[in-house]
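Take a look at the structures listed below.
Next, two complexes with chain A in common: one pairs it with chain B, the other with chain C.
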Partner chain A sequence: MYDIQHYYEAKSVEDAIRLRVEHPEAVIISGGSDILISIRSGDLAGCSLISIHGLDTLRGVSLDPDDTLRIGALTSFSHLMKDPLILEHIPVLAEAAGKVGGPQIRNIGTVGGNVCNGVTSADTASTLLAFDAEAELQGQKGKRRVPLTAFYKGPRRVDIEKDEIMTALLISSKAYKDYAGCYIKYAKRAAMDIATSGCSVNVKLTPGKDAIEYARVAFGVSGPVPIRISSAEEAVQGKPLTEETIELFAEHVRAGINPRTSWRASRDFRIQIQLEMARRCLRRSIERAGGEIVG
Partner chain B sequence: MESISYKQITFTLNGKTVTTSVDVRLSLLEVLRDTFGMTSVKKGCEVGECGACTVIIDGETYDSCIYLAAWVDSKDVLTLEGLMDEEGKISDIQQAFIDEAAVQCGFCTPGFIMSSWKLLSTGKRYTRDEIRRELSGNMCRCTGYQNIIDAVEKVMNERLADN
Partner chain C sequence: MQVGKSVKRVDAYDKVTGRAKYTADICPKDTYVARIVHSTIAHGRVLKIDTSEAERVEGVVKILTCFDVPDIEFGTAGHPWTTNPEHQDIADRKLMNEHVRYYGDEVAAVIAKDEVAATRAARLVRVEYEKYPHVLDPLEAIQEGMPVIHEAFPDNILGHSSIREGNYQEAIREPGLIKIEGWYSTPSVQHSQIENHICYAYMEGGDRVTVVASTQIPHITRRITAQALGLPWGKVRVIKPYIGGGFGNKQDALYEPLCAWLCTQVGGHPVMIDSTREETFVSSRVRHAMRSHIISWVRPDGTFAARKMKVWSDQGAYASHGHGVVAKGMGAFPQIYPCPNVECDCWTVYTNKPSAGAMRGYGIPQTMFHNESHIDDIVTKLNMDPVEFRRKNSMPVGYVDPFSKNELYDDSFNQCMTKAEALLNFNRKRKLYANQTGPVRRGVGMALFWYNTAVWPISIETSACRMILNADGSIQLMLGETEIGQGQDTAAAQMAAQVLGVSYKDVHVVSTQDTDVTPYGSGAYASRQTYVGGFAIAQTGRILKEKILKHAHRLTRMPVDIIDIKDSWIVRKEDGRRLISLETLATETLYDIKHSEHIAAESTYSVQSNAYSFGASFAEVEVDIPLCHVRLLGLVNVHDCGNLINPQLAEAQVHGGMSMGIGFGLYEKMLFDEKSGRMLNDNLLDYKLPTTMDHPDIIADFVENPEPTSPFGTKALGEPPACSPAPAIRNAILNATGVAINDIPINPDQLFESFRDAGLLEGE
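Presenting the complex of A and B:
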């Protein structure tokens, strides 16, 4: 039996918002693969829960009229992995979702929870960040959108008001159209492990596929929250598809990352693998975008 | 709105509709074992790491230890007990686990069989690496996994040969 003080069950998004206002101390639970573990470990023992698990309207992926990809906050990792729209437009997000835990965890864990947790190691967060994703939040005053870069306030702190829940993650067509990406997770085990580091890169090549039109890179566990390295992105803009460009990219990544030493790995080790992850991710993204690296 | 302490839930358990009132603090694992006697569902790590409590809910595998019983209302649940046919015979998956000596202490076996049930239900052909990946949410501390993968591969080959 879980040590739960009060349990509230939302029947609709409006219901969830009302519950948030009435019970500001309560924790939102969607899948529970983090919350229930924290209750079991003692960290959240005795907490109250607002369950949004039953809000099936927040599950699934769709396209808004302007071709923005709308990923319901309650969409499970396993559904992301096989969703036709994700596989067509952002297959790298399916790749990242496939790195989470094991099959059972991917069936219960939700993409919204992965982001709202505010942890730097979240497997889908770096890819979402690298595609300029926005969080859609709904509260008493209606809906608002926040870019993920601003949504993360610090470790385990995200920009959710006391009356809000996350309803979706949005990626505009401009952000995903013609981009190809790659996510690499480094962990001690191939499954059921938390990322020691994660790197997500995506690129758009010039029409002739001989130079980088734009590249984007985000890291998990390079800082207290998932981060973008914009200097590396700008450095390779317009550059040819060469090993020299990849090294230039890595040099700028080196200046931008700031991992810490933890029991999982030291700072020095993380820096070393993150540079290599950046190189490999960029190479593979270029290949996946139809480019060929010369030199 | 008031908090709830108990919730009336109605769900399908191994093909039969069942109704019970559950304390909202209970996991599905506890309700399946203690209310319904489904003791194939093993209580292992209780934090969703070992997979010993794996059950099928609406066609997908879940660790029932980190699934609130209150959530199972109106869902379809399958446990190892539900794999038995009308004559009381075990399934081809269970038989293959016996034949391939994929069982030592047996504690992880029901969970492995439910994960195997799910992957075999797709009717697809998997490589050994893919089988490993599909079973990566289940841990076995005795067999070293080889015989488990042999057993799953055997059922897969038999079923694909039959079709």
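Presenting the complex of A and C:
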């Protein structure tokens, strides 16, 4: 039995915005895979809820006229795993979505919730971040876009105004065209787990497929929020597809990550696996982009 | 034959369709809900409890605290009672305690009309404590000047026992001996059964109190509940419906006594305690964490000159099963590899942690990890083959334990090893995996385990059974031994059918135990029920059969000596002629105007024997060194548990136990905050129970040497499967990497530490 005070069900995005204004104390719920746990644990016991679960217009993936990939905020992980546009343009996001929890969680959990929850371990967040995704938010004043790098303000804090809901995650065609990526989730068991760390890398190779034109890397659980390591990205720009390049990448990753020690894992252990994940993700991304590593 | 066949479980349809009723399904709608207020310090005294704010929550009926409970200390262990005071379980706790001894101890209970009201109010109960220093580690708890957890045990040592054989000190002087020494430790883990502990209580029949509970041991729980409340035992009735697993957690009185008492405080209105997963982790029972120091003095030919073992067992806050657990674990040490000169000591130590109780294997998985890891350390040092070493040193055929009179009648260890070796292709892989380099390496390892069935002669081993012949020739079977998911009811039906000459489908097992009507049985523990219950079923079946044949004589005129029951017919033995069906006999007898009789039989069998049950695990792993990750590629268990009553159920039992062994070896560990004593990972996300994705295709197999003391040739299988997978996996990792890891679980954190120490990881 859940301790819930009031439950408001939004009929449309505008209705959800109205409910947000009328009930500023209420919490947004969609799939509930995070919120219900907090109600049960007592953190949110006795709260009121605004459900946006019924807003089907926010579900699914489509291409905007400028080929921007539009991922509805309520798109479930299970959906992402099988969506034809995702599989065509960013298969690594489907890979990441498939690492979330177990089948039941992937059916109810949403990609918007994964990001709005504001936790560093979110499986899809590092990949979205690594593709320069933007959050689309809608409030009384209309819509606005925020790059994910700015959307994360701190642990469990994201840039959503009191009258807003997230409507979509957007990835521009420039950000995904000709890129191939890889996501490694490191967890203590093979399913039903939270990431000890997550690493998402993607690369674009030169037309001759003999050097890196551009590479991007993002980590979960390497800091209080998911982070990009731009120095590592810059370091390998234009570099040949060699083991030295992989090591150069790892060296810069080492300088850029800053995991902490908690009872869940030590800093030294996290550094060990994050470096190894970075190496393997870059290797795999190059291979997936059609490149071959020499040396 | 009714035994030895993989017949469908008698409860299969009910459990698959959801018709099977569990405690929560049958409690009355208006049952009050009680929520426990748990201590938020690890050690101290409750000075004051302010319930005023909590009482104002709408729906609250009553709040009771540690200051209100009866002044009675009781023991909770699910052991049969003994009238010898020296052997009684230690009574060291009240229903709720002013002197709190772990973070999570019960200090108050809120009774409310529903769960939300009870939970809200429980959060508003204000408890004021006087804090004492706490101690979480048993090796620290025995040092001078440590906080005293129970006044009756000023050194925090609950129990100490020893084994001395030959002369260790003399023996180690033999020239040319090689000394191998190691420390090995196993963690606190939790049963994590699907159904958390749940019970509800109500009063009827004047001042009698009934507790419906998810328990493995209804008759024992009745006794403990009565003792805790200071009631005559007959005033308490315990009913056990279907339960969602126990693994030993429910071989203890958990919240049944408290729930019964709360019910008496609200006029006998039904009250329920339904534990959360977090409460199950912290406030039920856990496996004893154990730490061992082992020294072996070995000759270059691989024989033992002398051995020594010291074990410290972490009891946690309250005695529960206490010292018996490590004593059993240590008892295996001199037996599995007999050696003329042995010194063993074990201690059970109170700490300010959750109480340790019974858990599948009862001390054996711990000491098997210690000892079987140590054996591979010897094998590695001597550069010997692990299977050959064990063939040379393990218990020989004909070995007799002078205490239990257990005898090894068959060559179980060698037969199990031979079969498991072939199933895993161990020898070939061991050669293949020698001299690997590179970041990802494979390895194979193996381990044996020692186990014995039931608890005689330490405690009584008694089981009572009632059989009633229905008018249609079917049988009602009532037994004190409990179905807890393992298939007990099915095995009982098959055994009864075997004795009576009917089909198991015509044996209706009354699955629910109700202490008002069910004959005494001690319940599900010690892998005892099929063995011990088998004696009661065989004996009661024979009595019922005699009665049936007496009536058959009356109805057919044939002498009792020449007739028998076969396929539910009375047959003449000589020519097999069917004389009268059991159905006709039953109907005629019950409704005979002159000789009407309700044909029934009831008897108790007090077993005076016990049986070894041995086997082995063989494992294959792939170790990713830079990622500090182990993938289990294969795991084989082979058991000699005598004749299988139901091979498919036996296989399922082994699969479950192996899974538990995988969790023990690679994943599970209860973590505690040193400063507060609070359990950190008290949920199924942070407590890393392995998922099916973490399992290879596990293989269970058997060698069936009939156990001569059992009427059905059977012996222990409930617990043994969990005893040897962890050391087999550890030894496989040693084989793959050359790194001997002596602390489980061998999870990524542990691998990182061990590989870094071994220089296998690139430096910072």
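The rule is simple: the second predicted complex is superposed on the first by the 295 of 295 C-alpha atoms of A that agree within 3 Å, B and C clash if a C-alpha of one lies under 4 Å from a C-alpha of the other, contacts with A are read in each partner's own complex, and residues count from 1 in each chain.
We adopt the following convention: contacts are C-beta pairs under 8 Å (C-beta built on N, C-alpha and C of every residue); 3 or more make two chains touch, one makes a residue touch a chain.
Keep in mind it's a predicted model, so treat the numbers as computed, not measured.
Judged by the touch definition given at the top, the superposed model places A:G46 against chain C, while chain B stays out of reach. In the superposition on chain A, A:V61 makes contact with neither chain B nor chain C.
Once the two complexes are overlaid on the shared chain, A:L170 sits clear of chain B and of chain C alike. When the two complexes are overlaid on their common chain A, residue A:Y7 makes contact with chain B while staying clear of chain C.
In the superposed model, A:I273 lies in contact with chain C only, and not with chain B. Contacts of A:A190 after superposition: both chain B and chain C are touched. Contacts of A:A265 after superposition on the shared chain: chain C is touched, whereas chain B is not. Note: residues 1-3, 102, 190-192 of chain A belong to the chain B contact set and to the chain C contact set alike, using the contact criterion stated above. Only residues 1-4, 6-9, 15, 18-19, 22, 32-33, 36-37, 40-41, 48, 51, 53-54, 78, 101-105, 107-108, 190-192 of chain A touch chain B when the two sit together in their complex. Residues 114-116, 119-120, 123, 626-628, 667, 671, 673, 680-681, 684-686, 688-694, 747-749, 752, 756, 761, 764 of chain C are the ones touching chain A in the complex. Those residues of chain A that touch chain C in the complex are listed here as 1-3, 42, 45-46, 102, 186, 188-194, 196, 263-266, 268-269, 271-273, 276-277.
Interface residues of chain B facing chain A in the complex, by the touch rule stated above, are 1, 3-5, 7, 23-27, 30, 46-49, 51, 54, 60-63, 66-68, 70-71, 115, 118, 133-138.
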